[in-house]
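Letters are used for the chains, namely A, B, C, D and E, taken in the order the chains are written, and counting of residues starts over at 1 for each.
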Amino acid sequence: MQLSATHLWMIPALPLLAAAIGSLTPRGGRKLAAGAAIAAMIGAFVLSCGALVTALAQPAVHASANFTWFALGNEVVRVGWLLDPLTAFMAVMVTFVGTLIFIFSLGYMKEDRNFTRFFCFLSLFAAAMLGLLVANSLLLLFVCWELVGLASYLLIGFWFHKPAAAAAAKKAFLTTRIGDLGLLLGLLWLYHVRGSLLCYDGGAGVLEQGSLTALAGTTVAGGFALSTAIGLLIFCGAIGKSGQFPLHVWLPDAMEGPTPVSALIHAATMVAAGVFLVARVYPLMLADQALASVPVHALTVVAGIGAITALLGAAIAVAQNDIKRVLAFSTVSQLGYMMLALGVGSWVAAIFHLLMHAFFKALLFLGAGSVIHAAHHEQDVRRLGGLGRRMKATFATFAVGTMALAGVPFLFSGFWSKEAVLHAAHAWPVSSLPLLVGLAAVVLTAFYMTRLITGIFLGAPRTDAAAEAHENSAVMTGPLLILAACAIGLGFIGTPAWPWLQSNLGGIVVEPESIWEAPGLMLLSIGLVVTGLGAGWAVYGRRRNVNASSVDPLAQAAPGLFAVLAARLGFDEFYAATFGRLNTWVAALADGLDRRVWDSLVSLLARAGEFSGVLNREADEDILNRGFDRTSATVRGVGQTYSRAQAGETHGYLRTVALAFVVFALVLLLGGVR
Amino acid sequence: MIAAALTTDSFLERLPVLARDTVTGRLPESWRWMAGSLLEIIAILAGFGLLFAYLTLAERKILGRIQNRPGPNRTGWFGLLQPFADGVKALTKEDVVPAGADRVLHFLAPVVLVAVSLLGFAVLPFGRHLVAVELDTAVLYFFAAGTATELAVFMAGWASHNKYSLLAAMRALAQLISYELPLLLSVVPVVLVAGTLSTTKIVAAQGGWSLGFVPHWHVFTPWGAAGFVLFMVAALAESNRSPFDLPEAESELIAGHLTEYSGFKYALFFMAEYFGMCALSGMAVTLFLGGWGAPLAQLEWIPSYAWFTAKLLVLLLGFIWIRATLPRLRLDQLMKFAWKFLVPLTLLNLANAAGWSLTAGWTGPLQLVRWAVALALVAVPFVVLGRTLSAGSAPRTYRFA
Amino acid sequence: MSPLQGCLLLSAALFSVGLVIALARSNAILVLLGIELMLNAANLNFIAFWRFHSGAAPATGVIFVLFAIAVAAAEAAVGLALVIALYRHQKNLRLQEATRLRG
Amino acid sequence: MLGSGILQGLLVTAKNFVGSFHDPARYTTLEYPEVKPALPEAYRNFPFLVCDNATDPLGTLRCVACQICEKECPPQCIYIEKSRDKKPDATGKPQIYPAVFAIDTSVCMSCQICVEVCPFDAIKMDQVFEVATTDRYAALLLDRGQLTKPNTYFHTIHPTEAAEVDARLAADRQAAEEKARVAALAKAKAPAAPQAPAAPVAKRDQTPESAP
Amino acid sequence: MTFTFLILAVIILGSALAAALRPNLIHCALLLVVSWLGVAGFYLWAGAEFVAFAQVLVYVGALSMVVLFAVLLTRQSRAELRVDAPETRRAVWAVIAGVAVSGVIGAAVFATKWDPAPVTAPEVTVRGLGLELMGAHAAALLLLGVLLTAALLGAVVLAAPDRPEKEEKS
């Protein structure tokens, strides 16, 4: 089943159509909205598989189909669709995971009154995400990028009546907006330089060799290469969207939205958009590698940011008590991993980790959702516990997800993708810091996941809510089982022994080699995972007679560090302190300026107008009117005299006609007309 | 033209013209025209005066006979002197003029009426050379004169200073005006086919015979027959005769607009009525019955004026016959009959005649088609219109009679 | 005094008599009749010119008079209908009292 | 169909017109002054006095002025004055006769009561209707002379009744003669019979003067 | 100037002037009828027979009837008929206007030079008239028909008293 580039637009079109249907159905049309959304996702998934088959037929080719969107004077803006293995794999992943999450949210959101509106927003988000994937023009990509941001705002703030959710939605939107500003500047600069934003346009595209050499060739202020500057600006967008180091603060708060939203957007797809973006413009990022005189290479910055975020995320995750907050910070650290992989030069490993992470992180989030749904929206780990016996399926799938995330060797996909990243980091010639950070993050990840899983499922239920929890219906546990199967099975497509994904994704055939070729790093990482798990089990595994208010053992061990980590290293307060106050100060200034300066100016003008009005009235009154009245009086006078002639007396008329005739005839006669 | 025809016609034919020429021969040239026309006038007056006289007698005798009684036979042998007796009576009777009457108009009314009804005779072609005035627009002149009678009727009605006579005059006028339309419309087809307004040319157009014995009279064409019947019905109404003698309906309005008249003026009114009747029948003869044409070629030897008078008498007897038979119409029936029955039929007849003249060229089988269509156009509307108009009035059943 | 001039004088006289009637008499019907007279005067002119003036066109004068007569008849009919309507409204026919339609 | 009624009407009048010339049943007018109408026998107008002998009408009046008719006449239009002397009637028996016998024809309503009550069949109803006069009063009061008409006239106008009356009178006369003869016989047979009271009143027995 | 023309002139003008003076409305109408007859006579004298008889048919036949009906329908009392003498002031103005107009036209008539009258009177036959009417003036004729019908209906509507709608007989 082939799907050529020109028909790629159908993939985003279906969910968009479903979104439109969802928006038009009244609140009661639940079955219609949900059905349309799910059907659209299944249709998109089928089309994506077709696209995948076509892409894998010639993996090295970037098949594009461009057309003119609109012409502005002689400026013609062209957009188009791009089909290459990266797009296809991402589209399959997004549609597959999206379908499962849609089905899950059928059960999760059943009681919610705005059921139809929820599915409409979900479809809108899916359409935007798929649009972003298939876009060949960076402008179209940017449009879909903004739509995704909008969708995330709508979905996070879905329960807008909760002030926390509304604030979180605004925070998410604004912080990603800051990142997008960098992306926009990059695109404008690129458009200014290259005159087109099409990635692949039969040679004239931005990411093609001709433009890359031109970009790399020119240097900008500060000695940077033009491609580096544009690349870093585009990377700012990625930082914002994927919640990297400086702009990661919105992701934990985004957990206010419903759990399927968190699963879909803040685990699998949207946050992955940043990584996808960098992967998409990777040739641009690589352009400055060859230059030596450049103070810094773009990818080095990426790797640095990635490493910092990975370590930061993992550390904070350890001290969080809310299930979704732990998973959020875990996502932040995993995205740091992907950025690290991109930075160290292997975008294939990054995408491989991204795909795997999408599956097991979605699984974890849905598991958490199932737990929350069962425990009457109780999200605090300390108030749960002992759910293993009550929710066997959720416990089993959650365990699979945890092991995949932690990177339990051989069986789980997380291990292979993390292995690939660590290998790439190991091979990075610039410095070995990312490798060390990566390994530390592995330990921390294993630790906080065991803390989380033991907190929720083992031990005794610490509150009655936890006690009454019972397994959810099939519609929620079904997707969990499927995702668990993927979390296990999918890992094998990228193992060094069978690098199917790597060769197909990169377009270059990778030689399969036995995993035991350079086993050192692998064994090291396995060891770290085991130590992490063991530490976690040791601290939290066997705690007994624990109730909701008992203090966390770590807190007892390092109260200061634990409190700092629990407070998310105070980034929110810092930002509030700095940018928040700056903002309020500027607002106050503008208000004052407006109230005093402009206001007085306007009132001045008003008085001037008033004065001239008065002047005008006086002049008009005595000069103009009197003159006008007199003339109209004369006209009326004349009219009256004439009307007296028109006295309605027919005889009079006839007489005047006759006399007039006589007069004219006389004139004619005497006038000598012969 | 007359001189040429003179030689070929028989002596009787030429007799009247000869008489006139011998009389006017003695006068100087300039007076000859005047004398000739005077003679003609005298001839017409005498002829039709006598006809009027004996028409009244014939009417009373025939009515009598129809009602199984002898009719006037006291005065003179078989009542032949009756008209003169009436004349004497009329003269001797006291001529009463109502006090408030408008004396001038009262006197003028009968005079104008008689004068106007006499005018019609000027254009009737009594014989081959016997037409008083050879007018190109003879038919128009005839009917122009005809319409003036209404004025006289009004004068009579108004001048007698009597509410009933004024009302009766109005009714008479309404009748005259409504029947003037079908009268004129039934004449138009003849003018259309003959192509001229002059009576002599119309009579000439009806000359000749086809198939040996059927003369080319208009009455023998479908539209002609219909036209003739319609013309006669309208003529009946126009001269206030028989079914339409509403104006002097004795039972209702005493003598209508003639109530205040007595003596000779009264007789004048009757004379005018009879003159009108004769004029209209004369015109009918001219237009439809082939004027002075003989019905058969073999009968050509009988002088033309004899044929004219014969046909005229037949028509007049028809008038009398109808008077003896038909009851008087009510005013609304009269009006409805004129406007809803006669006018549509005459218009249709006009169309029929137009069709007839257009299809004159057809020969052989087409001739049959032409006749069939023309006949259908006459019969069908008559039946349909008749049925629709008389839908309500089923023949009256007398339960107790 | 050629016959043509005679006719023209006659029609002028008739026209002015019509005008006098129309102006002098206060009864609406007579005013209408005055106007009829003026129309007749005009027709008289046409026939006079047709008869005595060596005009080229054959009988336009006559045809014109025919149309004029017909139109005058129509005009008179409507005029008299108006007079009747006026009478119904004003109960008398004195024209000088029918002055509602004025400036 | 419209007009069929008229045609039928015309046909009827035509039939009448033609019929009046040859069909006597249709042409029934009598030219009155010349042709008198055949009056029906029972027609009656004013009464008249019957006299037996046309030559001496007043002499042979049947009327004996018994004044019954005068009394019976409803409008009292008969006036009779008896005569002083008697005159022999038809049978020779001296009778009174009316000196004056007048009938006021303007009053008489020809009810024929006088005829019915007249014992002597002296008054009968006449069939004369041409009685117009110029004088309104005197001319209408008919005296004796104008009233009497001979019995022969009576036969012409009421033949049956006249014959019947004559027959009856003849029968009475024979009865009277019979009785007279019997009386004569009786008188002859019994001349000794005492003198009968005064001679019986003689019944009216006349011998009609039968003149055809 | 021929004798008949003078007679006709006298008839026409005489009856018209008489009509102007007569107080009785009916007499005025009838006098005007005489004047119309005079005009018809003039047409006959001028040789246009068709027009003459058309004039008689239309004016004397139909129009006089309409006028007389109008006079009767407006039911003036007989007294009012009598007393209808024109107010003097308006009459004077009327005469002045009349005389002025006729004077001016007369002057114009005498002022202009007329070319001599044609010897033979122009001959118009009914057939010629018919062809002319149906030929060049066919449209005018049809329009005239429409005009007359419209005038007929209009007059009826105007003059008919607005009887209340006859209610439907049950």
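As a working rule, a contact is a pair of C-beta atoms (placed from the backbone, for glycine too) under 8 Å apart; a residue touches a chain by one contact, two chains touch by 3 or more.
These numbers come from a predicted model, not from an experiment.
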| item | value |
| --- | --- |
| Intersection of the contact lists for chain C and chain D | none |
Hypothetical removal of chain E, resulting connected chain groups: A, C | B, D
| item | value |
| --- | --- |
| Contacts common to chain A and chain B (chain labels) | E |
| Maximum centroid distance from chain B, chain identifier (CA atoms) | A |
| Chain whose mean Cα position lies farthest from chain C | A |
| Two chains sharing the most C-beta contacts | C-E |
| Inter-centroid spacing, chain D versus chain A (mean Cα positions, whole Å) | 153 |
| Length of the line joining the C-alpha centres of chain C and chain E, rounded to whole Å | 6 |
| Distance from the mean Cα position of chain C to that of chain B, given in whole angstrom | 35 |
| CA centroid of chain B to CA centroid of chain D, Å | 62 |
| Touching two or more other chains - residue numbers and ranges from chain A | 651, 655, 658 |
| Sites on chain D at which at least two other chains make contact | none |
| Touching pairs among all chains present in the structure | A-C, A-E, B-D, B-E, C-E |
| Partner chain E, residues of chain C touching it in the complex | 1-10, 12-27, 29-30, 32-33, 36-37, 40, 43-44, 47-48, 50-54, 58-59, 62-63, 65-67, 69-78, 80-85, 87-88, 92-93, 96 |
| Chain C-touching residues of chain A, taken from the complex the two chains share | 642-651, 654-655, 658 |
| Contacting residues of chain D [partner chain B, same complex] | 1-3, 5-6, 9-10, 12-14, 16-17, 19-21, 26-29, 31 |
| Contact footprint of chain B on chain E as seen in their complex | 24, 26-27, 30, 33, 49-50, 53-54, 56-57, 60-62, 64-65, 68-69, 72, 125-127 |
| Chain D partner contacts - residues on chain B that touch it in the complex | 62, 65-70, 73, 321-322, 324-326, 382-383, 386-387, 389-390, 395 |
